[in-house]
Amino acid sequence: MIGINKNATQIMAEIVSNKKVGAYNHIVFAVGDIASRSKPGNFVAIAVGGSNSAMVLRRAFAIYRTFDKGSSGGLLEIVVAPHGEGSTWLTNQLPGYKVDLIAPLGTAFGIPTEPVRALLVGGGYGSAPLFGLSEVLKNRGCRVDMVLGASTAMKIYAPLDGKRSVNSLTTVTEDGTTGITGKVTDVLAEIIETNEIDIIYSCGPMGMLEAINEISSKLDVMHQCAIEESMACGIGVCMTCVLPIKGDDGQIRMLRSCIDGPVVDGESVVWDSKRSIPKGTWGAH
Amino acid sequence: MFDYKTSLGQAEFSNPIFTASGCAGSGRELSQFFQLSELGAVVTKSIMLKPRSGRATPRMAETPSGMLNSIGLQGPGIDIFLEKDIPWLREQGANIVVSIAGESVDDYAVLARKLRAVSGISALEVNISCPNVENRGQVFACQPNTARAAIEAVRRNIGGELPIIAKLTPDVTSIVEIAQEVVAAGADGLALINTVLGMVIDTNTMRPKLAGKTGGLSGPAIRPVAVRAIYQVHEAMPHVKILGMGGVASGRDAFELILAGASAVSVGTATFGNPNAVMKIKEELANELISHGFDSLKEAVGYAHRAEGNLL
Amino acid sequence: MFDYKTSLGQAEFSNPIFTASGCAGSGRELSQFFQLSELGAVVTKSIMLKPRSGRATPRMAETPSGMLNSIGLQGPGIDIFLEKDIPWLREQGANIVVSIAGESVDDYAVLARKLRAVSGISALEVNISCPNVENRGQVFACQPNTARAAIEAVRRNIGGELPIIAKLTPDVTSIVEIAQEVVAAGADGLALINTVLGMVIDTNTMRPKLAGKTGGLSGPAIRPVAVRAIYQVHEAMPHVKILGMGGVASGRDAFELILAGASAVSVGTATFGNPNAVMKIKEELANELISHGFDSLKEAVGYAHRAEGNLL
Amino acid sequence: MIGINKNATQIMAEIVSNKKVGAYNHIVFAVGDIASRSKPGNFVAIAVGGSNSAMVLRRAFAIYRTFDKGSSGGLLEIVVAPHGEGSTWLTNQLPGYKVDLIAPLGTAFGIPTEPVRALLVGGGYGSAPLFGLSEVLKNRGCRVDMVLGASTAMKIYAPLDGKRSVNSLTTVTEDGTTGITGKVTDVLAEIIETNEIDIIYSCGPMGMLEAINEISSKLDVMHQCAIEESMACGIGVCMTCVLPIKGDDGQIRMLRSCIDGPVVDGESVVWDSKRSIPKGTWGAH
C-alpha cells in the first residue's frame, strides 16, 4: 500500500473550455503533466462552490480523455451531468476560471497484454472513460465493441471521434429516442456470443453494473467495472466510499472504492449489499 | 525567533497542528502530499481490539458547511495496527498519537496494556465518545461514571509515561462535568470535540440517508460548538491541556480554538476538502500568531479568557 | 385536492409553515412583505413577565451556514404585549402561537394565568430552553425535574383549552428523556429544536465576539441536529405532535423535518436572509409533497420511520 | 410602528456597473421604482455569496445616490469597502449579474424646512450617503460644507461631481497623503464657528460619530448621524442591531438601528455603551 496515489497532485487547473453536449457538459482543463500520468479509469476530485461555499467536500469525475502536450500543455477532459448543487456549479463555470483539482486518482482499467475482443458498456455519462480505454485497446490490437445506454437520447454521450474509435457501437435508450428501445443488458448476451467477447469493461450506475455482472458471470466472460460510490475525500482518508469486495483468499473486506477502485473486478464485488454488511465480512460483528 | 512548540502532558510537539483521528487514513494516503514529520503529530484512526468492518454504506452525507459520517470505527484491530502501521509511521519520522476505542471497560484496559510497551508513541487519545458504535446508550463519554471507568482502566494499565488525552463528545448536558470527571480519573489532557450527533433524510428515498441512520456531524458547521466547549472547559480547568478540534479549515480557525484554550489543534474534515489543509493551516496559524504580536504559541493559549482591558 | 392542513393538540392550522419564535419581530415588520394570515401561524417572540432590555451588543456573529445570537429575550413584557401586539395580530387574521419564557417556575404560572382568558390564541409555546438568559445553570429544559416543573406550572394555570407546546434545547445528553418528562407533565406537543450553544472568538480583538460570550447557534448548520432530535423523539413517542425547526431554508428542508416526524415547521434564521422565506418555503413544500405523491401533509409526517420496503 | 419599511421591496437587481475607485468599489444597480422611493440616509440589504454560500445573512450598505428614470430605469448606487468575505464577494461581481436586494430600508436624514448652514462629515466610505444629502440640502437653499476623513488618501471617497455639489470640501487624512494631516474632529470646531453651522450630518465609524457628538454637544449644534451596527436581517425582525437611545421622555431603550436608524439624533445616543446595557435602560436588570 506504500505509494498510494503516488501519481496524484493537487493543482489549480484553468478551465479551457466548457460546452453543453446533450444533457452533459464537456469540460476541458489545463493540467500540465497530470495528463501524461492519467490512465483510463482514473478519476479527478474537484473542489466546488468557490471560496465561501457551504459545500466542503470534493466531487469525483471520471477522466474522459487526456492530451499530453508536454508539461506545460497537458489537457484533461471530463463529462459532467448536472446532478446536485456541486456538479451544477461546475457546469456553470466559464473558461478562464481555475478550479482546485486532484488527479489522477484511483485504479485504472487493466489492459490485456494480448489482443482480445473487448466489449465496452457505458450507462449515461459512464461512457466517458470508455473512449480513452477504447483507444488504448485498439492500439494494442484489440477489437472493441461498444454498447451505450441511457434513459433517453440526450443522455447518451457519444462524440463523433469517440464513435470512430470503436469497431461497432450499439445505442439503447429506455424511451427509444435513439437506437434500440430497452436496457443495455437486453442486447449484451447476443453481442457477447456473436462477437466472441473475451472481456467486458463497464461504467455506469451500480444497478447496471450489477446486471452486467450477472450476464458476464453466466457467460463466463471477464468483467471489469468502474463503480461509483459516495465519496467524501477521493484520496483514501475518510473510509466513506467502501464496498464489500471478495479477495483472492475468499475473504470479504470493506475496501475503499477510491483507492482499490473505482475499477474493480466485477466478480469480486459482493453486489446487492446496499445498506448492510455481508455476512462473513472481515471484522463484521 | 517565534516558538511554535507545544505540549500535552509530558509530550512535546514541534508545532500544534495534528491530524484528527479517523481523518488521515493510515498516514500513507497523505504522505503523497506532504511529509508526515512536518505535522505536530499524526493522530491515528481509533483502533479497537479486533478487526472491524465498520458500518454499512451509505456512510456519509454532505450537510451545509459540514458532513455526517457513520464509519463505525472500521479498522484492522490493535495487533495488525501495531505490526504494520506504527513501524511505518515511525519510519516517516512522524510524531504519533494513538487513538483507542473500546466496547467495554475491559477493552480499554487491554488496549492500554498492549500499548504500554510500544516505543515511538507520544500520547494516547482515548476515544470514549464515538457516536457511531451500534448502541448509542453505550457511549462512555455521555455519563460521568462510564467516562470515569474507561479512563481509569487506561490509567491503571498504561504505566507512568504516556500522557492520556480523553476525547469527549459535545452531546451532553454539561461537558465541564464530564471533563472534571475524566481528569479526576487520571486523564492528562482532553480532546474536544468529537462529532455532534445528527441525521440527514434523503428526500428522494424518504428515509435516513445513512445506513446507520444517525451519524456524526463535523466540519465548519460545528466550529462554534467546539469553541464554546473548549472555552468552558479551559475556564473551569485552566491547567488541563486541551487538544482542540471541530471545523478548523484555516489558520484563523485554529487561532480561534487556541484563543479559547486549546494547546494544539486537530484537523479532520478540512483534509477531505484539501489534502494539504494541515500544511496550509500550520503556515497560516504561525502567521496569525506572529502578526498578533505573539512570540510563542504558548502565550496565545486561552488568551480570550484574559481580564477585560488586558491587551497584548 | 391536496390537503395542507395540520394540527398540534386541538389547534388546527391551514398549513404547516410557521415563523420561529424571536425571528419575526412583532409581525408588523414582515407584514410589509406578505399577509400574515397566509402563514400556518405566527409564533411570537418569547414574552416574559416584565419588560426586558435583553443583552448588550454585539449580539450576533455569522458562522459557516449559520449564526450565533444572544438577544437575551428583549421584549416589552406580557402586559404591553397583550395590549399592543395580540390585538394587532388578530386584526391581520393571523393564527397566533404565543411563546412564553420565565425565570422561575412561578413566572410560568403567572404567564399562563395572564394568557388563559385571552381570545384569538391557537396555542402556547413554552420556551424552557433559551440558552441566552444570564445563568446557564437555570435553563429549565436541561434537567428533567426543572423541565417538568415549568410545564406543570403552565398546565395547572392555563385551563383546559389551549394546547401547550414545550420547546426543548438539543444541548442535553438525552432529548428523549426530557421530552418524555414534559409530556408526562402535561405538554400536548413539542417544539424541537431551540438553538445550540456556541461561541465565536473575534480573532482581531482576541475575545468572544458576543458581549454575552456564548450564544445560540441557528441556521442550516444545525439542521442535521434538528432532524436527529425530531426523529428520535418521534420514534419514542409517535403520538406526540412536533413543531419542528432548525435550519429550514427551503421546501426540501421542511420536507426533511416532516419526514422525520414534525407536523409543522417553524422558519427562523432563513427569514433574516430572505423576508419572503416563509412564503417561498410554504409553496416549495407543497410542491415537494405533491410531487412525491402525497395527498395530504399528514400522510408525510414521520414517513421516514416506516418499515423497510414500505413505499408510498 | 405600523407601516415599518413600508417603501421597501425585495428584488433581483442587475449590476449595471462595478468600478474600483480608490480603496472602494462603486456599484450601480438597476432597481426600477425603488430609486424614486429612496431618501438620503436609507440603506439597502443585499444577499451575498450566491446560491450555495455559507453566508446566510444580508449585508447592509448606505445608498450613495439614486437616479429616478421612471419605473423601468431607476438606478441605485452604493460604495463598498471590501471588508470581510461578503463585501469582498460583492466587489467581485460583474455587470449583468443579479443580486437579491431589499431597499429602501431605515430612517433618512431629516431635512430642515428652512435653509440652514449644514456641515456634512464623513469617515471613509461614510461619505457616500452625504453627497445625495448635499444635493437635497442645496435644492432647499442650504449652504453645505463638507469634511471627509480617512486613514489615507485611497480611503477618501469624493468623486468630482460630489465635490461640485458642496460649497466647501475639507479633506483630512491620518497619514497626510491628502489634505490636512489628522482626524476630522481636529478641524470641526473651527469650521463650525467660522461658517456658523446650524446642523451637522455625519456618517462613519462609531468612534468618529461619538467624537463629533462631543463637539456638537459642546458647541450646541444639532447633530444627525448615520450609525453602523452589526445587522443580521436589516428589516427589524432579529433584534441584533440594537443600541441604547434616550427618548424624549428621558427613558433609555434598546432600539433597532435598522428601523429606528441608521439615522438618529446624536444627542439621543448613549455613546460608549459597547458591550454593556447602560444603567436605567428600560427592562434592564
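Of note:
Chains here go by letter, A, B, C and D, matching the order in which they are written, and residues are numbered from 1 within each.
Here is the rule we use: a contact is a pair of C-beta atoms (placed from the backbone, for glycine too) under 8 Å apart; a residue touches a chain by one contact, two chains touch by 3 or more.
Here's who's who by UniProt: A, B, C, D = Unannotated protein.
Given the structure is predicted, the values throughout are model-derived calculations rather than measurements.
Contacts with chain A and chain B are shared by C, D. Taking each chain's centre as the mean of its C-alpha atoms, the one that lies farthest from the centre of chain D is A.
Distance between chain B and chain C, defined via averaged C-alpha coordinates, is recorded as 33 Å. Here the CA centre of chain C is 35 Å from the CA centre of chain D.
Averaging C-alpha coordinates per chain places the centre of chain A 55 Å away from that of chain D. Distance between chain B and chain D, defined via averaged C-alpha coordinates, is recorded as 46 Å. Counting partner chains per residue, chain C shows two or more touched chains at residues 64-66, 219-220.
The set of chain D residues that touch two or more partner chains comprises 54-55. The touch graph of the protein chains shown is complete. Remark: chain C residues 22-26, 28-30, 32-33, 45, 50-60, 62, 64-67, 69, 71, 74-77, 88, 211, 219-220, 249, 269-276 touch chain D in the complex. Every residue of chain C that touches chain A in the complex is listed here, in rising order: 64-65, 220.
Chain D makes touch with chain C in their complex at residues 1-6, 8, 10, 47, 54-58, 100, 102, 229-230, 232-233, 235-243, 253-254, 259, 273-277, 281-285. Contacts from chain B toward chain C in the complex involve residues 61, 63-66, 68, 142-143, 171-173, 196-201, 203, 206-208, 213-214, 217, 219-225, 227-228, 231, 247, 252, 255-256, 259-260, 288, 292, 303-304, 312.
For chain D in complex with chain A, the residues that touch the partner chain are 49-55, 85-86, 89.
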